[in-house]
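When the chains are written out, they are named A, B, C and D in that same order, and each has its own residue count from 1.
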Amino acid sequence: MPVMNDEVPGPDDFDANRPRGEFDNITPEDFVRGSGHHNPPGWLGPADIDRARRQLPIAYVEIVPVRTDDLGRVNRVGSLLRVGDDGAIERTLITGRVLFHESLREAIARNIAKDLGDIALPVLPSGLQPFTVAEFFPTPGVSEFYDPRQHAIALCYVVPIAGDCKPQDETLDVEWVDPRSEDLDRFVAQMPNGHGRLVRLALAWAGV
Amino acid sequence: MPVMNDEVPGPDDFDANRPRGEFDNITPEDFVRGSGHHNPPGWLGPADIDRARRQLPIAYVEIVPVRTDDLGRVNRVGSLLRVGDDGAIERTLITGRVLFHESLREAIARNIAKDLGDIALPVLPSGLQPFTVAEFFPTPGVSEFYDPRQHAIALCYVVPIAGDCKPQDETLDVEWVDPRSEDLDRFVAQMPNGHGRLVRLALAWAGV
Amino acid sequence: MPVMNDEVPGPDDFDANRPRGEFDNITPEDFVRGSGHHNPPGWLGPADIDRARRQLPIAYVEIVPVRTDDLGRVNRVGSLLRVGDDGAIERTLITGRVLFHESLREAIARNIAKDLGDIALPVLPSGLQPFTVAEFFPTPGVSEFYDPRQHAIALCYVVPIAGDCKPQDETLDVEWVDPRSEDLDRFVAQMPNGHGRLVRLALAWAGV
Amino acid sequence: MPVMNDEVPGPDDFDANRPRGEFDNITPEDFVRGSGHHNPPGWLGPADIDRARRQLPIAYVEIVPVRTDDLGRVNRVGSLLRVGDDGAIERTLITGRVLFHESLREAIARNIAKDLGDIALPVLPSGLQPFTVAEFFPTPGVSEFYDPRQHAIALCYVVPIAGDCKPQDETLDVEWVDPRSEDLDRFVAQMPNGHGRLVRLALAWAGV
């Protein structure tokens, strides 16, 4: 079943009991790149994240990557192809949860770097007002957005990508389509659980 | 120390292990009023919420209550006086976390009813795009917003109140000031940890 | 050809040369109701408005009227049926230009009162940030929005209507449809020149 | 008296009676650079613009130029120093009207190029929802924004500048200040008629 990608157990799971002062010397770089290629601070092990997902809504960022021209007009919209938990190929946007003590900007940059690589050169928005807030519920039909694993509140942003994209980790490929072409319908139809709907809303907001 | 008000232990704390289907028959009324005057579904006991607050950002709504005229212009902005954890009187906005399986609209309505009573007649926004997103960190100085208890991501809304307000629970009083008067400066100065800043941003967004 | 409704010659056309001080004593009521049932101040005669339409973009407000429930959720979206310039019946939104020295709020209230009557009880937004800006060009194909008469820049708002609607003037009827029903597709298809597109964007913004 | 800069008579004033088809072959480049270093299409001579300013609201764009870091955070905010109509030096933002048949994006790019030069490399927003709409009235006190020449409706955007700025035409200098420094207060105080207020609102919207 295609779901939003998220954390899997890592060797250096976050110790939730470490003192908060530990975050005093963390830089954006630690969140965006991880320190020493380990997991970023704020990462949770599987038991902790599973418990949290049954207890409270999880804060997410969801990014619609686009290519723009000199006037800021969207001429390509991007998506990721990846292998889902069930082994089937799925089409997704860039999405991930906000970690403890991580800013929204760091979460946006980290998730883009995770999926598109280090030279994607994303142009982060000047303001953090999202174009929409998507509420994903674990119960089908409650809203237009469904996530079988959790209740997620996703702040949604359109982010122009100025550099080169290299698929990372589980991402097989990054595909771009002209939002005015017929390819868009196919593209959107392949994004389950409301993500395709977010693409349409993003494009409408962008005036395409 | 003045903090945002939030949950305290109740007699019927949410059982995080109950099956999700349990949420299938819940209505907005259950969230907004609680079922049988008990806590709403999704409520967490003190151990669970304390753990969550050390592990991941908590999703909040923060509401700036206003009175408006026929043309929608803000002519009063409201705040609450309450007794803080340290016994001192503090001035706050309406704020609270979003519960598991609760929609943003339900969270907004529930928190307003909790603080202003059942006949406040709030006029909820048609769209859920917040006027800003405030990031509260438990480390002072990381952002303009500080919450010693947690990392909170607050979606902020201006909500006109059309009815009568009756202070509830810990709320001692609801005060309204003319945003064009000198009272506003005093009012804002009494709201710590960035909440006063949100009032100014809300008023700027409202064109006052 | 269906176009946005707009001014027609009136008996007391605005004298563009009258001194500006004349606007000092004008109240919102004068714009919204007209003074003594005449045209509101700022109204232009046909020669002046025709010249302006060939010379510069005209500022418009465009309103998507909705019915909402207690939680602010849109459960009906409205449109107007009117007789167009060519005698055919057309489906439109509420739209009109902003007059000289008229505020956006006054323009919104005036255009709603003109089309829905005096007891429609519109709930004007607290903030004036539009959900989108639609650029109508007199040349087909330049944008998704087309207006054969002019270049119009329309600030678009969703406005809940709390009262009763009585069709006014050229408006034959006000129709409401459930945005989740199949009627919406028919409804949108009957709105030419991009207005149907604005309905879809408004509903997407409202989370429907 | 400090006012927003705007058009002055040029040698090839726009002929308002030329057929609309003339705009069919115009490219963004014509608006942004002018064709052959003449005025852009849609330019009005002094008699026409003066008449329009007494008759209807004029559509404007107003740009707050900023410098941002890798995470999109504003670390500098810019302003222009220029000689006003009365010979005094005034501090302004980038502002200008939208021309007939010009898109908002073209108007933003043209006004930035006019004030900052051709290699400023502005990063135009993906969406055209403004952070606010400022209503300038020719009557003092009607709103927070005042323009003695006209009623202007200004769509306001924050635009990061990635390149080098070279003051153009009447612009004497482009100055950048750290929005977290005390210089900001002086800076804002020197911008009359509400423009300083827009800087503060832009920074609040940007989360500074």
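Definition applied: a residue touches a chain if its C-beta (ideal position, glycine included) is under 8 Å from a C-beta of that chain, and two chains touch if they have at least 3 such contacts.
Everything numeric in this text was worked out from a predicted model, so none of it was measured.
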Pair sharing more residue contacts (C-beta pairs) when A-C is set against B-C: B-C
Give a one-word verdict, same or different, on whether subunit B and subunit D use largely identical residue numbers at their interface, taking over half shared as same. same
Provide the C-alpha centroid distance between subunit B and subunit C, rounded to the nearest whole angstrom. 35
Per-residue overlap in subunit D, given as positions that touch at least 2 other chains: 103, 128-129, 131-132, 143, 205, 207
The answer for subunit C against subunit D in the complex is residues 14, 16-17, 20-21, 23-24, 42, 44, 48, 51-52, 54-59, 97-104, 128-133, 135, 137-139, 142-143, 151, 153, 155
In the complex, subunit D residues that touch subunit B: 132, 143-144, 197, 200-201, 204-205, 207
Subunit D residues within the subunit A interface of the complex: 28, 66, 68, 70-74, 103, 105-106, 109, 123-129, 131, 158, 160, 205-207
